[in-house]
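Several structures are given next for inspection.
Next come two complexes, and both contain chain A; in the first it sits with chain B, in the second with chain C.
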Partner chain A sequence: MNRALTIAGAELRLMLRSRLALVGIATLLLLSAIAAVTSATQMAAAAEMRAEAQAATDAQFKAQPDRHPHRMVHYGTYALRPVGPLAAFDPGVDAFTGTLLFLEGHRQNSATFGAARESSDLVRFGQLTPAFVLQTLAPLLLVFLGFASIARERERGSLRALAAYGAGAWSILVGKALALGVAAALAMAPAFAALGWAAVQQPGEAGIAALTALSYGGYLLVWVLVITAVSALAASAQGALVTLIAAWAIVVVLVPRAAAAWVGVAEPLPSRVDTEFAIAADLRRIGDSHNPNDPHFAAFKAKLLKRYGVTRVEDLPFNYRGVLAQEGERLTSQLFKDYAARAAAIQNAQTETLTTLGIISPALAVRRASMTGAATDLGTHLAFLAAAEAYRYAMVQKLNGLQASAVASADDAARSKDPIADRRTRISADFWKTIPDFDFSAPSPGERAGAMAMPLAVLALWVALAIGLFAFARRRLERAGL
Partner chain B sequence: MSNPVLVIDQLVVERGGRRIVDGLSLTLAGGEIYALLGGNGAGKSTTLFAILGFLARSGGGLTIGGQDPATAIEAVRAQIAYLPENVALYDHLTARENVDYLLKIADCRRSRAEIEAAFLSVGLAAPAWEQRAGSFSKGMRQKTAIALAMLRDTPLLLLDEPTSGLDPAASADFHALLETLAARGVAVLMVTHDLLGAADTADRIGLISGGRIASEWSAQTSEPRFDLNALHDGFARVR
Partner chain C sequence: MSNLAREFGFMLRSRSALMALALLAICASAAVALGLASVARDRAAIDRMIAGQATEERALAAFVKDAGSGAYYGFQPTWDAPSDLAFAALGSRDIAPAMLRVRALALEAQIYENEAANPELALPGRFDLAFVVIYLAPLVLIALLHDLWSGEREAGRYHALAAMPGANRRLWSARVLVRLGGVLAALLLPFAVGALIAGTAPLRALGFAGLIGLVALLWTAIILIVARRGSRSAVHAASLAAIWFALTLVAPAGANLAINAAVPVPDGAALARENREYVHAGWDRPRDQTMRDFLKLYPQLAPGAAIPPTFHWKWYFAFQHLGDRHVAQQSQAYRDGIARRAELARAAGWLLPPAGLAQAMTALARTDIAAQLDYQMRIRAYHQRLREFFYDYLFSEKPFGPDDLADVPRFDPAIDS
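Here is the complex of A and B:
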């Protein structure tokens, strides 16, 4: 081990004395620091803005005057997705999925206000975040720092000289890998500092932050081992560089994009327009609650009249319009729920396939682990949509129930012509204050840790493969007499 | 010959299915300088690589200090200082850092004073000690490497074309250094094309041909030490 440490020290000294390596490390450190600061600033601003907007929209809803409950159903409210606990480290899909939902009766709206739609095209290219730096740029820097570590020694004849001085293949490989590992740790420092800072701010996230750090540690360990092994196996430093650049382009750039495109084709998600048309068609099939001749609602009315032993809706012990609205909302919401569940099932299947495809690219696995840990993954967004829909349904049904129980049927029927009856249909503004605010919490650290198990297992597999390649390189060097 | 440092007995080494060394025998005692001459591809460097354990032998015997590289490679390498044709110093390190580094790799502790004394004894001036090896001439690199060999204090020094590219004065300096090492009891095996240099320094000269030592000459006690005509004729025949 002493020899390996000595070799690592000399390699680090070479990096420090090489302008190219120094510029590379300094550039990455600078980018990491800028990414950490800008991402933390942006996410803090987004969190503050969303919290303020949520509070404002809640206050506006509660400040509504006396109103007919169905007016409030259409007035609606807004749900804003809160910023994930570690979003400053990895904003994940936050910029692409929309963060604002308008919640109203009869409709399930799409999320709007995604940064990618609101900002320049650069956001679509990839935000400069600590996660992006670690996933994409750090491996590239490691390639440039490490491609020649052993190949260079072989080319200049010093590899055999080292062996003649007593350094075996294992010492040389471990020493070179250690030096590259130190460079990797240095490159990770600002990003990890950002992660640590987020964990300090939210102590409950410390465990998840540690798991996230572990996943990146594993990811960069794979690169360190592979780069060192390729440098040992390649016939020349140039060959090692070409091989490793190609590997970076395939693993980090090509495969994640190709995999995303492939799962989109293999498990297609209907477009929003197609879904809207399909929902509209299904709504027509369900029926129109405003049409007295609609078969479904006519049957619903007949059943109700029979149950209460009356012949007219006016004789029911509640306001039929409110109950009708509840039934209509129940049916449409079930439809929305079914469509949302189908879309979520497809998206979850796509995500699972992408995780499985992590077997051909550790970049995919680390992305999944990172976004899941930060609660900025698609799963968290889908959970937000489900929570918002549940909130919308409960709020609308509560208002519909209020119409059924607190608004007299006769007043409701006459309110368009009789201002006094109209006044009587209005519910006190105090009631709006009793409706709870929308509150969404990201999956708990325990749930997220569970969801990280699969990508972490894939990363562990990659570490094992990299160790295998490392051991193979050792055997090759030993066979060459080292 | 008492306590030979290097014993090669009917050594056979094959590369790519071809016998490069074929029955080479050689014994070298401490304090002796042996120059191995031969044409390109005659098997000179292959012999050195077999001694260092970089190449496995197909037949014959080989021991260094009584140890066989096939079974005790670390122990064998601990007894050898090796200078390849292009002295493998690290350009980004100074002479002192190179020596420090390679001594640490060899697990050999030497004080600062010992290192400086070694530099002085090989004629490496003090200003060069803190210069990076990237700016060194081949002569300076060799002096640094010889200082390193002296500091390691190994019983056997292997040299591969040590004087190629050196001017006559530097070559003479280098041979003087070898004599200093030999005087300290180090056995020196030198692979070279430099007939005159070998004749000037070596105690014995072997001419390798067909993978074995075809002719061997020993130095006379009086001048001229070798019959240069005989050496030249022999060398010309095998080339």
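Here is the complex of A and C:
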């Protein structure tokens, strides 16, 4: 072990003297510092903007004047997806989904206004965030720093000299890997500091931050071990470099993109219009409120009349129109829910395929662990959509309930012909204040930690593979006489 | 010619060179195939929408009573069909919707809708031929050419080779030409097949092939400048990879940060709320004021503008449109902000040639930001035709029934621009 430490020390001193290594480390330090600061400022600004917009929309809803409750069903409200707790570290899909959802009666809208659609098309590769630095840029820097570590010694013939001093293959490999690990830790410090800072500010996230750090630690360990092993196995430093750059390009650049493109084609998602048409067709089948002779609504009416022992809806003890609106909303919302669940199942299956493909590329696995931990993944977005839909349904039904209980049936029937009756259908603005505000919290740290298990297991598999390659390199060095 | 043949033979015998070229050819073919599949999926979705519209209109015909209900319930499809070159550069087609159904209500509440999509698939960026050309092909070129001179020097053959008469032309030029030709073939052959399948207009296909050639030439020039220096092969490879990394990854990401910071885009949430406030306040605003404001925009409708004291669709559609007018400036500022960012990105493209060439590819394929904004303008133009068609019925009190649904104006990508 002492020998390994000596070799690591010597390698680090060599890096300090090498302009290429110093420039590389300085560049990465600078990039990860810029990424940490800009990402933190951007996400803080986004968080504030969304919180303000949510407060403004809630206040506007409560400030509406006396109205017919159905006006409020159409007035609706907005739900904004809050910024995830660790979004400053890894914004994940935040920019690629809409963040504003309009909630109204009869309709299910899509989330609008995402940052990606407001940006130039300069970077469809990755925004400069701490997570991007660690996933994409750091491994390439490690390649630059480490490709020659052992190959160089062999080319100069100094490997034998090392052996003559009693250094075995194992201490050489471990020493070189250790030095590379130290350089990596140094260059990554700002990105990890960003993670630590987020954990300090939100103590509840400390466990998740630790798991995230663990997954990046494992990911970079894979790179350190593979780079050192390839440097030991390659015939020349040049061969090691070309192999490692190819490996980086395939693992970090090629596979994630190709996998996403393939998954999108192999497991296609119906378009929004497909879903709208399907829902409209289903509604026409099970109950069409526009059709005066619709069997579902006719039966619904007959049942109500029978239950209250009356023959006309005007004699019901409540405003039939409100109850009818409730039944219509119940039917459409059930369909919204069913189709949203189907779309979510397809998307989850797509994402699951991507996680499985992490077996080909550890970059996919670490990205999944990181986004899941930061609550900036697909799962959190789908949870937001589901929460917003549940809120929409509760709000609309409460307003329809007010129409049934607080608006006189006769006035409601006459309001389009009689301005005085129309005036009487407006109920007090105080009712709007009884509707609760929209509130969404990301999946709990416990749930997220559970979801991180699978990608962490894939990363563990990669660490094991890398150790295997490392051990293989040791045997080869030993067989070569070390 | 024999020089080229000899170099070609050398390349065929180099396992690493063949592997790099094969990988590039596989990637390019896969990218073309996935691009074609993605474009076909977009087209099929548009066709399904247009076909499904007939069913929706039959259903509407069963209960439409007047022009007001026809306009209120009558959603009309609009679409942005992929161009014949879109398969090669998908651009931002994955994050901007290619279909939108609109009706004659306030458009600002409709036009920002998004397509259903898994954001995790959009996150890593598109896998298309443009990506293979811009990101992967340079790496293959670097692998093939970085040790052009240093490799021979390290093998101890350099001086003997350089002393050959006409070494530049016979040896180095031939070697560069053959390797560059290999890369171009790996990219252009899949593209040519794709263009034939997609039926790309010959000039446009030629233009795109030219851009591919420019990317390859640009990188060959950069590589040769570095490789000419007298360092070891490993140092050349490391420097070139660092240049690639800076030019294609880091600098564009930095430029994007700077552009986004320099050009603010108005808050979309505020725009949407403002529009809703104005539209819904219309129910409570004095009706005469609404009609007066509306007639300022449409004086020709004044003769039929009288409204009863109760609900009338005329008044309803008037305040819908006034809601759009109310936020017209904000909406324009929102579009201008995005256009300005795209414009600055194009300027940055001159300083960062790989990014500039990527933009030229999406511009040629009409899949860039400008094309998305253009589609939105076509939706706006169509929405105006749609509204005015119904205004005509509403303000002249012309009866409107199921048979009139056939006369509702249709979106036409060619005329709504």
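Criterion: the second predicted complex is superposed on the first by the 473 of 482 C-alpha atoms of A that agree within 3 Å, B and C clash if a C-alpha of one lies under 4 Å from a C-alpha of the other, contacts with A are read in each partner's own complex, and residues count from 1 in each chain.
One rule holds in what follows: a residue touches a chain if its C-beta (ideal position, glycine included) is under 8 Å from a C-beta of that chain, and two chains touch if they have at least 3 such contacts.
Only a predicted model underlies this, so the values are computations on that prediction, with no experimental measurement involved.
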| item | value |
| --- | --- |
| Touched partner set for A:S158, first chain B, second chain C, both or neither | first |
| Which of chain B and chain C A:P455 touches, first, second, both or neither | neither |
| First (chain B), second (chain C), both or neither touched by A:P445 | neither |
| Touching partner for A:G105 - first (chain B), second (chain C), both, neither | neither |
| Which superposed partner A:M49 touches (first chain B, second chain C, both, neither) | second |
| First (chain B), second (chain C), both or neither touched by A:P190 | neither |
| Partner chain(s) touched by A:G217 [first = chain B, second = chain C, both, neither] | neither |
| More chain A residues in contact [chain B versus chain C] | C |
| Residues on chain A lying within both footprints (that of chain B and that of chain C) | none |
| List of chain C residues in touch with chain A within their complex | 16, 20, 23, 27, 30-31, 34, 37-38, 41, 45, 48-49, 52, 55-56, 59, 62-63, 77, 91-92, 94-97, 99, 101, 109, 112-128, 131, 135-136, 139, 142-143, 147, 151, 232-235, 237-238, 241-242, 245, 248-250, 252-257, 259-260, 265, 267-270, 272-273, 276-277, 280, 283-284, 309-311, 337-338, 341-342, 344-345, 348-349, 355, 359, 362, 368-369, 372 |
| Touching residues (chain side chain A, partner chain B) in the complex | 2-3, 6-7, 10, 13-14, 17-18, 156-158, 160-168, 480-482 |
| Complex contacts: residues of chain B adjacent to chain A | 49, 52-56, 74, 77-78, 80-82, 84-86, 88-90, 92-93, 97, 101-102, 104-107 |
| Residues of chain A defined as touching chain C within the complex | 20, 24, 31, 34, 38, 49-50, 53, 56-57, 60, 65, 67, 71, 74-76, 78, 80, 92-93, 96-100, 102, 109-114, 116-128, 132, 136-137, 140, 144, 147-148, 236-238, 241-242, 245-246, 249, 253-254, 256-258, 260-265, 268-277, 280-281, 284, 290-291, 343, 346-347, 350-351, 354, 371, 377-378, 381, 416-419, 422 |
